[in-house]
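Should a chain be cited, it is by its letter among A, B, C, D, E and F, assigned in written order, with residues numbered from 1 in that chain.
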Amino acid sequence: MIKGKRLLVVSAHAADYVWRSGGTIAKYIQEGAEVCVVVLTFGVRGESNDLWKAPGATAESVKEVRKGETLAAAEILGVKNIEFWDYDDYPIVVDKALEERMVRKIREFAPDYIISHDRFDILNPDHNTVSDLVFRCSVMSNSNGVKMEGTKTTKQMQIFGFEPHQTELSHYVPGQFIDITPVYEKKVAAMKCFKAQSHLIEYYTQRAFMRGNHARRLSGCQDYKYAESFARTFPVVSTELL
Amino acid sequence: MIKGKRLLVVSAHAADYVWRSGGTIAKYIQEGAEVCVVVLTFGVRGESNDLWKAPGATAESVKEVRKGETLAAAEILGVKNIEFWDYDDYPIVVDKALEERMVRKIREFAPDYIISHDRFDILNPDHNTVSDLVFRCSVMSNSNGVKMEGTKTTKQMQIFGFEPHQTELSHYVPGQFIDITPVYEKKVAAMKCFKAQSHLIEYYTQRAFMRGNHARRLSGCQDYKYAESFARTFPVVSTELL
Amino acid sequence: MIKGKRLLVVSAHAADYVWRSGGTIAKYIQEGAEVCVVVLTFGVRGESNDLWKAPGATAESVKEVRKGETLAAAEILGVKNIEFWDYDDYPIVVDKALEERMVRKIREFAPDYIISHDRFDILNPDHNTVSDLVFRCSVMSNSNGVKMEGTKTTKQMQIFGFEPHQTELSHYVPGQFIDITPVYEKKVAAMKCFKAQSHLIEYYTQRAFMRGNHARRLSGCQDYKYAESFARTFPVVSTELL
Amino acid sequence: MIKGKRLLVVSAHAADYVWRSGGTIAKYIQEGAEVCVVVLTFGVRGESNDLWKAPGATAESVKEVRKGETLAAAEILGVKNIEFWDYDDYPIVVDKALEERMVRKIREFAPDYIISHDRFDILNPDHNTVSDLVFRCSVMSNSNGVKMEGTKTTKQMQIFGFEPHQTELSHYVPGQFIDITPVYEKKVAAMKCFKAQSHLIEYYTQRAFMRGNHARRLSGCQDYKYAESFARTFPVVSTELL
Amino acid sequence: MIKGKRLLVVSAHAADYVWRSGGTIAKYIQEGAEVCVVVLTFGVRGESNDLWKAPGATAESVKEVRKGETLAAAEILGVKNIEFWDYDDYPIVVDKALEERMVRKIREFAPDYIISHDRFDILNPDHNTVSDLVFRCSVMSNSNGVKMEGTKTTKQMQIFGFEPHQTELSHYVPGQFIDITPVYEKKVAAMKCFKAQSHLIEYYTQRAFMRGNHARRLSGCQDYKYAESFARTFPVVSTELL
Amino acid sequence: MIKGKRLLVVSAHAADYVWRSGGTIAKYIQEGAEVCVVVLTFGVRGESNDLWKAPGATAESVKEVRKGETLAAAEILGVKNIEFWDYDDYPIVVDKALEERMVRKIREFAPDYIISHDRFDILNPDHNTVSDLVFRCSVMSNSNGVKMEGTKTTKQMQIFGFEPHQTELSHYVPGQFIDITPVYEKKVAAMKCFKAQSHLIEYYTQRAFMRGNHARRLSGCQDYKYAESFARTFPVVSTELL
């Protein structure tokens, strides 16, 4: 049951969480989960190619547009709890402060699930950096010898990986399909907030259709029209076969 | 929910299903699932080393002992629906008749899940043969152009793979842990029916402890004392993260 | 240069070659290559689910529809040289006669390239059977000790693998992207001949868009709007970096 | 022949070397090898969960208990040469000083074999850090252009990797089994020094039984009752098949 | 110690065993091992390209040349125990009789080691067939329930795989290097018996040099000038680190 | 066509580019390409073992010899554009300045192809460091939000990986063979400039022969006598099958 579950999403750049998990986020919120989104960078250097083509674009102006777009998208998805940590990207450089902030965030939010970047993206080293960061911090968060004032040790949570842009070249294998049919319109609307990236809107709209096709084929369930997929870091652990 | 689910288990030799999935079977039966076990061979040639040491042992006498033991084990697990197809082992040779019988069995039983041997066992070619057989037959069973009198096309079912004896050398990766704590005693009792294989009883008893440790560690759930693990053929497809 | 090149396409079922390589075929024909398509089965049992839903459908009636559709598709693509070997599918059973016929076909056509099914399709054992058949026959065709009346030994040709339906689960990795922008309309029109499979038409239309996106991203060439991808069996061997 | 061989063991935390290689260490010492154990951290933050449950536990008190336990274990194993480098764990941060100290240690001890953490542990980033450190330092140690006062360049040594806790998820493959039957009691006694981790004592006791079973099965040698396994970094290089 | 060891070599075609293991064979014989070589086919169809270019070449004439060459090579290597089973190649077809003959051979010879083709050769399906055959037959040979008149069950032996022609494309990884420096001249002389394949003589002469370089680099032992490498099927199981 | 193409080669140590890509470089220059070679270090600590054996050798004297040798080699290959960045090796430490210099170099040279170290070299951590550096910098170079005065954003270029010394242990797979027959003598002459490394001259001379053999076998083209191979980072993207 989704109601009452806690889902933490960590996004390297401003739009990653929308393209890759917007449907799952919208669904979790709609069904009563607590969702927190951490956006590490606005993607000013690495993921704003079209915005830089505007005359007179500056890092600040690009950042403003990105922030406006992603806040609009978050609102459509129903996300109230979103944080912008405003690091530089391309490259994202991890230091001790970022590491500690992430451990603290995980402990304070105490997620049942974390969704972030999968281990390897052949085209985007920032995604790899964030994947590694989130994983290491989850381990520290779970260890009760890592003392951090005002925090409580977490229990091992499941960690899921976003689909990278080119999946096969990035050794990505879907381990979890989530039906997003009931919230599909919200995801499409949220993606449309990123006006300068129309090619990606079509790309990820089609991807939801493709993953829906896969989900139907693998489950025999004809109700799954649109889906998102994620890599699994850990196996399923449960009291029945899933 | 387990109640009402249909689970088909296909075992290359007489004891495979007990060592590798006895706990899951006992649990499914205890909680109201329908379970059918197909035993393809008695393992007379390949998995009865100790029985052949008995003076005057013959293929028939070995087969009788194996059959008695596995029926006793099945009874302890609560299995009422068990079939002995009585093929030769070492090697198991697949012919058209066996293929059709398996397709028919899958269609008639219409399982939600199949558990059988995983793709590769470095020490046992029969296991590989059966893995391949079961998979191919499931595909044919699911195709409505494969006409077979008196049968109905099945829907895609999930297929799980047994742990091979030496997992790492067989490229086995656990994709699903099942807590078997509530039925652990039944599994141990069932294993003890195979008197001539006492080393395996201890081996798989310890394995349940080890997988229980893994299940706790990966889930944070301290109730999981004993577990079985299976490989996944397909990803999880569901309406929530699992 | 495509002109004068010889391309052999081997398709397990009647439509495989259209979904997966229709654009490449159309392009090769349009630019003056010789293309031969071998269709091993009509896919009556395994890939005609919707046709079997027609009242009174029989193996013969299904076969007729499939043949008509694939001939219509071939005509749109410009394929004049197409052969129907009319084997049964689900499963395709390879015997010595089929093997020899394939070796003979390869020798007689003497292709520069073969396109057929890639090594592993997680959902379709027939595709794996054909992949293996084509590869083994190419090896025999290339060996001058394999005597076959009226044939000439071939030189080693490049062999490419179709995209399977679910690429990541089938360990498929694109090794060659082909721009099909100039013939995209032909491919779409050819796919539309398979009236009973409208979901696949949309699926593979979107796939051409997705692979076009990938091709642009990987090459920096903005002209590539639609593409097909193939697995490579062998590395590129050439006089310059490609 | 073990006598006279030199074995260096590098352990990320205070107990790693006991769980994973205690038997091999005891055997090497018993048969006349020189063994040196380097313990990089006491595992205060990452591997002392139970100790932190003691009322009034502090980093210092936890460290004292850990040090006492591991010294007791070392004594049972016969280890006289053990060094505590006392770095922080969770995370272990590698700097130039640590790197140089490790190169110097390798050169001064001049091991025939190094045992340390294997390349990837899915649950413990510190283990990965140490694996990488040891490997890089062995390369520098072997290069005669890396000048370091008072040291002599080493020859290429074999490097073995510990079993991680969850082997299959960590892509661990045993490449070397060592029979520890003659020293099994010592290993069990040494493990019992870690009083707060009784679940691990049972876990690694069973693992020795399991690896003994594997060793017998793979070698046909019935004398191997208990074993440890290690990953190989390099192939066997020898004058006969092993 | 090599003296007294029993080594069985199974070669798909007449020359495979010379190119890939001629040095190891010569060494084992020179140092007092028992070596038996089984040549399954003369390689008339698949590995005699140059012989077929002789005017008037027939299957019989090619076979005679191949037999003469391989006998000459065997004599140089010191092989007295060589059997020609004279199956057809390209393709080698395995039937029940061949399987039983191989099981019988393994039981009668009772090897400590088997060397044959490794699991996958990207360019030679016959090699894959033989690899699979030998492995399956070794399993049956080791099982005491597989009754075969006049034979004794074997113990598990180590199984090593030949280097395929193009190693990286065949996923070949060296797991065992054998120094062949003392018998290098014999190997070169034996290879020269295959007059029609002078390009392979140079190829495998250089390979011995390359593997010698690798063996030195990995072991620090400067005496290894020439080497052969093999894949390992199983890990090393021993009483010390190797 | 090679004429007019721009090729950037990044070499961790002074001789890497000659052993691994000297033929390709010579060919590209001979046929009218622009080639730029960046040598990051002189390999004083890691790749000058023999030079350090000279009496009185110092870091400066070793560096001078290395520089002289590599300049002589470059001249033979026809390289006019070569830069020595003179970093320390063993280990190469990447800092922000190096990263920015590399991005700038890529942007200023605007290569169609980059050749550098492949992802993993089991024996040389410096090679892995450089592989990672070059890849990350290429990504930044291609992103128009990464502002750097006086530079222009590049288009995605193809990136090729050198063969490591021991290919199979380094998971190296050839993805591109380049015929170097027309410039083979130049490569041999260039290698001979490294007088202290005569064993490598023979090693890489034989490698060119071996890769030539592979190239012929895979392409059927008998003109390829000597070749170099490279790993591909990305698939081929083109308008025809290659």
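Here is the rule we use: a contact is a pair of C-beta atoms (placed from the backbone, for glycine too) under 8 Å apart; a residue touches a chain by one contact, two chains touch by 3 or more.
Values in this document were obtained by computation on a predicted structure and should not be read as measured data.
Undergrad: Which chain's C-alpha centroid is most distant from that of chain A?
TA: E
Undergrad: Chain D-chain E contact: same residues or different, taking over half shared as same?
TA: Result for this pair: same.
Undergrad: Looking at CA centres, what chain is most distant from chain C?
TA: It is D whose centre lies farthest from that of chain C.
Undergrad: Matching residue numbers in more than half of the contact pairs is the bar here; say which of B-D, B-E or D-E clears it relative to B-C.
TA: B-E
Undergrad: Between chain C and chain F, tell me the centre distance in angstrom, where each centre is the average of that chain's C-alpha atoms.
TA: Between these chains, centre-to-centre, one finds 38 Å.
Undergrad: Distance from the CA centroid of chain A to that of chain E, rounded to the nearest Å?
TA: That pair's centroid distance is 53 Å.
Undergrad: Listing for chain B: what residues touch at least two other chains?
TA: If we look for residues of chain B contacting two or more partner chains, we find 123, 169, 173-174, 217-218, 234-235.
Undergrad: Between which chains is there touch?
TA: A-B, A-C, A-D, A-F, B-C, B-D, B-E, C-E, C-F, D-E, D-F, E-F
Undergrad: Sort out for me which residues of chain A touch chain B in the complex.
TA: On the chain A side, the touching residues are 1-2, 5, 7, 24, 27, 113, 142, 155-158, 160, 173-179, 215, 217-221, 224, 227, 229-230, 232, 234-242.
Undergrad: List the residues on chain D that touch chain F in their complex, please.
TA: 99, 135-136, 139-140, 143-147, 233-235
Undergrad: What does chain A use to touch chain F in their complex?
TA: 43-49, 51-53, 59, 62, 90-91, 122-125, 169
Undergrad: Touching residues of chain D toward chain B in the complex: what are they?
TA: Per the touch definition, chain D meets chain B at residues 123, 165-169, 172-174, 199, 202-203, 206-207, 209-210, 213-214, 217-218.
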